[in-house]
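Labels for the chains are A, B, C, D, E and F, by order of writing; each one numbers its residues from 1.
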Amino acid sequence: MRHDGRGAENLREIRITRQFLKHAEGAVLVEFGDTRVICTASVEESVPPFLRGKGSGWVTAEYAMLPRATHTRSSREAAKGKIGGRTHEIQRLIGRSLRAVTDLTLLGERSILIDCDVIQADGGTRTASITGAYVALVDAVTWLMDKGALSRLPLKEAVAAVSVGIVSGVPVLDLDYHEDSSAEVDMNIVMTSSDRFVEVQGTAEGTPFTVAEMDAMRNLAQKGIRQLFAIQNEVLGR
Amino acid sequence: MRHDGRGAENLREIRITRQFLKHAEGAVLVEFGDTRVICTASVEESVPPFLRGKGSGWVTAEYAMLPRATHTRSSREAAKGKIGGRTHEIQRLIGRSLRAVTDLTLLGERSILIDCDVIQADGGTRTASITGAYVALVDAVTWLMDKGALSRLPLKEAVAAVSVGIVSGVPVLDLDYHEDSSAEVDMNIVMTSSDRFVEVQGTAEGTPFTVAEMDAMRNLAQKGIRQLFAIQNEVLGR
Amino acid sequence: MRHDGRGAENLREIRITRQFLKHAEGAVLVEFGDTRVICTASVEESVPPFLRGKGSGWVTAEYAMLPRATHTRSSREAAKGKIGGRTHEIQRLIGRSLRAVTDLTLLGERSILIDCDVIQADGGTRTASITGAYVALVDAVTWLMDKGALSRLPLKEAVAAVSVGIVSGVPVLDLDYHEDSSAEVDMNIVMTSSDRFVEVQGTAEGTPFTVAEMDAMRNLAQKGIRQLFAIQNEVLGR
Amino acid sequence: MRHDGRGAENLREIRITRQFLKHAEGAVLVEFGDTRVICTASVEESVPPFLRGKGSGWVTAEYAMLPRATHTRSSREAAKGKIGGRTHEIQRLIGRSLRAVTDLTLLGERSILIDCDVIQADGGTRTASITGAYVALVDAVTWLMDKGALSRLPLKEAVAAVSVGIVSGVPVLDLDYHEDSSAEVDMNIVMTSSDRFVEVQGTAEGTPFTVAEMDAMRNLAQKGIRQLFAIQNEVLGR
Amino acid sequence: MRHDGRGAENLREIRITRQFLKHAEGAVLVEFGDTRVICTASVEESVPPFLRGKGSGWVTAEYAMLPRATHTRSSREAAKGKIGGRTHEIQRLIGRSLRAVTDLTLLGERSILIDCDVIQADGGTRTASITGAYVALVDAVTWLMDKGALSRLPLKEAVAAVSVGIVSGVPVLDLDYHEDSSAEVDMNIVMTSSDRFVEVQGTAEGTPFTVAEMDAMRNLAQKGIRQLFAIQNEVLGR
Amino acid sequence: MRHDGRGAENLREIRITRQFLKHAEGAVLVEFGDTRVICTASVEESVPPFLRGKGSGWVTAEYAMLPRATHTRSSREAAKGKIGGRTHEIQRLIGRSLRAVTDLTLLGERSILIDCDVIQADGGTRTASITGAYVALVDAVTWLMDKGALSRLPLKEAVAAVSVGIVSGVPVLDLDYHEDSSAEVDMNIVMTSSDRFVEVQGTAEGTPFTVAEMDAMRNLAQKGIRQLFAIQNEVLGR
């Protein structure tokens, strides 16, 4: 039994709210327990310089936290004048995860910019971001289809993510901040709806981990992510 | 009759939600129609260098917009590596407005950092920020009193703000984005509950304005701000 | 009687020197007492990206202080690598004030860049800057007319500015640094020669101010600015 | 058979040269085929602010590439004025990998700064960096022991890293640039000499990967890393 | 005969005005023909970290140009967010030149910050800066002596500088902008009043130069600098 | 006799290794004793904006040191977010020196970017850089000729550089770090193979220097640079 009453294999309560903001083509509030992230998808009719004239679109992501999303206030990256290493790492992960399920050629020479802004952090902000951003991405490409800019959905399958870890020697699913800060191992896994991996990022915070532990975490993650796909499908009315 | 059905003297629907986030000492969601701003107040047990050892506290503010708070996505100031002029102007205004009603000596050598993060913009983000931030500030200093760090409330009176302007020749209260973008004059007024002015910032966007027009706008603002005080009091349970 | 012998309604000694530097199309030294600002106007045959191809010109301003314009040396913004909030606020004010009297369509697709560099500061640097920059702007557009690039003067009327404030309970005109640092209220007013307002920015530094006090300051400013227009006209040989 | 004649399970030629530079406490040139990285370890008698007075040391890393380490010249991060996301990601990975095998308490309140500068890049720069940096770290802590600052070696075990991937459907070890740029999956694995994992970072560049593929890559990596430990031991004279 | 009527060995008209600004401890306007530079010397009762507790003072310099000091407007380094290479080069030269004649031990643990701000540029801004800054430095240390902080003048001798060059094959003294932009060789020479060199910086802009040409320029510079010492002495009332 | 056994007129051991790295068009390791610098020359088929369409090429340089090239670790300029004054000064010097011997018109509208990265510093890094960069430049333009992009070698003559100084009153050639840090005068001289000067930069670190001392240093430099030309020629197989 975990400190919040969950079993090792349980997700926190997951909520995905579409149309959370009115201006963006896709705008989702995703909640993994007390972790709350606003994910928007913005369509831009241009691509970065390295793709110009190549017939391919682009999906990229930015990630940030409100200063007081956390227990103690952290200073704004805008005020510091530079983006920190952790932010870079996370926004690159989100971008790669979404591109893995997007058919960039079908998307055409346009970009979809994903913004993940954490308004409240309680562990798992990057996995919640990926899971919510996928729904925002679906809404944005559907908006493109509805206005006739696309004839086919440029998404190959769904993508979702969850964290797993080893806490007090036990593999657990979907760590909250309390668990995360004392975990021996922390692993983020991104999978597609065909049950394959897009990203696996495991880090031994304290003790290195064995093959058996890695497999146990991987199994937990697989089960959790299948539930996330069900929730995504439900909120998308599929 | 205005484009959204309001009369010239009407505020938009105003909503103030306390305890919107769980970590901050004060955390308010303020809504002026479709303008939505998260205002947090964070207590820090230190003061800026220029105040050290002087027995005075400090209140300061930072302001930002989510990239997709607006109709078209604007790039992050963190990504650009610097804070723009408009942001600087607004966060200085919010800070001065709150300091004007705070007894900094009573606050003691500690700081309250106000963060105003616009999640959806539809005109009047700076005045909504000030109005909501005051409530977050009350919650933060009440938290200090509750834990025994302060014996008296270090607030002299309440503060709130509203925009007024001249649109198609007519003075109107609380402009939304649609009105703001075509206004001849745009004025932001910050007042205290004793009916006095803290800040008056009027700008002729197109045609310069007369003394009579300034007085008409000032009167509209006064009436609107009195209603904001009533809403603040109600939400604070006074 | 004020600390320097002036009455409440008196400006300091105002001097405007044209052709102070030889390279700029307009180059003025403006002095409000001991406050001395070099204002240059530079013509550029291009406009910012957002105006390209729209048949409109642009007027913008930058503001800075020499490190030792002030009592104690302040560090250079170039050395700090970023422009501070106060600088941003002032240069935006100067730019808006000059655009308010410029017919940007008549100016054609070109820009006039105003540089206001304070070489000695003694209060009122932003109002001196606006008053002097107008003269530099006249010289720059006259230069354009003289070389045949413009057939009509693209200026609708004149603009000037002055500070007013409440010092020891008394409304006074054109505060110097000594008065400014102890003022209860500080207000900067920008007016056109048709006696209308372009900008009104009043701030309660200590105690909030009443409608009556605002009106008293506004009247003082109006009288002072009329004198500034007379001085501008004289120096321009009108 | 791979394009350079290696079998799927072969490392490139690995060379580790100690004392490559004369000033640093540890200074290693590590070569994985044509990938060449200078790894230095610098001892500093201080720790970052968050560790002061806590009786713990610190190990951290910085990573950079010479502009012409690559096929086409890339611009310097110093000239751009900011460190890119990829650099951040790599230097954080190197730092975590080395801390995982260091007993920070035994190290005492001092820091070891690892610098990994790629002078020639041909794939696998981050794994070569970790493998070489470990040797530089051993030299630096040995230097501390030799001068009597430490009585015991503050290293729990050895650490090394290798990349694996799937190229044309086949799992291969230690990809060079040519393979890396066409790989379907790219995985970096960091292990300790007790055969456990410190970091596992797998990314599907094109097609997502299965559990079976992940296991195949993991096995390849394990074998490769055991060879790296043998090479480290040999060069360290163990 | 040169384009402005001077002979090869003539300086332009040199003017040095003391007490040009009221706040700084030393404040000089120096003019070499149309080149005009404001040089201030500010006393600070601290030294940079590397000198703390070592019983030595410090003299350093910053250099900048107003945007419209030049024929066409150059953008502000503050707006660009960084100081350019040319500026760095010049301010380091000015600092070294003044330290060469200052007895830093006699100065005590305090700093003198020299600011050279070019308000009008017509060639030779760095040499005019050094020549004027020396006078500002004398005024600042005299101010320290007058208030009793120093008992002896911490200056070993005077310093001044001039440019020489080869224009159309002829060595000439004190080049203006017109000459400078077509010179084959440009050399800046800084000397002390004991007729010795502090800095010699010669650059072949087009054709490399011979030993004989270098000697000719050196002789011209020596003669010019002796005249600058006479002017400095006169303005200082010696 | 000097501390390392050299006579006053001796260079340290000079080594120049071509093809040190495989990607760059020119890639040289230059060693002046323990000073080791990697110099690469990269060809780019474009020129800076100010040269576009003018039929002229460009040669420019960047310079950096590895953090642990020095006795104590210095922080990376990329991490600090800006390039320091010393770096600017040196890279401008290297660029000017190489342009002085390049026929930019013959080079055509392309650029050659020189990167000088000091991997070990022991005095004279800028003069070693220039001497090595010339060889890298020869290799890059030869590469252009070999692929038929140039029909004639766009180099007018060779260039090399050495430092001279006055140490304990004696003029010496090619100072190492130990001598450099105690030198009274430090002079860097850049010459061409026609025995003429491109750059002369002398600085009195302590005592100003006389004409006689300057001449003695100049003679030493001339002799040393002639030896450097012989070494360049030998390594280039001329």
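FYI, a contact is a pair of C-beta atoms (placed from the backbone, for glycine too) under 8 Å apart; a residue touches a chain by one contact, two chains touch by 3 or more.
These numbers come from a predicted model, not from an experiment.
Each step here moves to a touching chain, and the least such steps from subunit B to subunit F number 3. Greatest centre-to-centre distance from subunit E is found for A, with centres as Cα means.
Of the chain pairs A-B, A-D or D-F, the one whose interface repeats that of E-F, sharing more than half of its contact pairs by residue number, is A-D.
The distance from the centre of subunit C to the centre of subunit D, each centre being the mean of the chain's C-alpha atoms, comes to 59 Å. The centroid of the Cα atoms in subunit B and the matching centroid in subunit D are 50 Å apart.
Centre to centre, using the average C-alpha position, subunit C and subunit E are separated by 33 Å.
Within subunit B, the positions touching two or more other chains are listed as 81-83.
The ring of touching chains, read from subunit C in the direction of subunit E, comes out as C, E, F, D, A, B.
Subunit F makes touch with subunit D in their complex at residues 21-24, 27, 34, 38, 40, 42, 44, 62, 64, 66-73, 76-83, 87, 113, 115, 117, 119-121.
Subunit B makes touch with subunit C in their complex at residues 82-86, 88-89, 91-92, 96, 100, 187, 191-192, 194, 196-204, 207-211, 214, 218.
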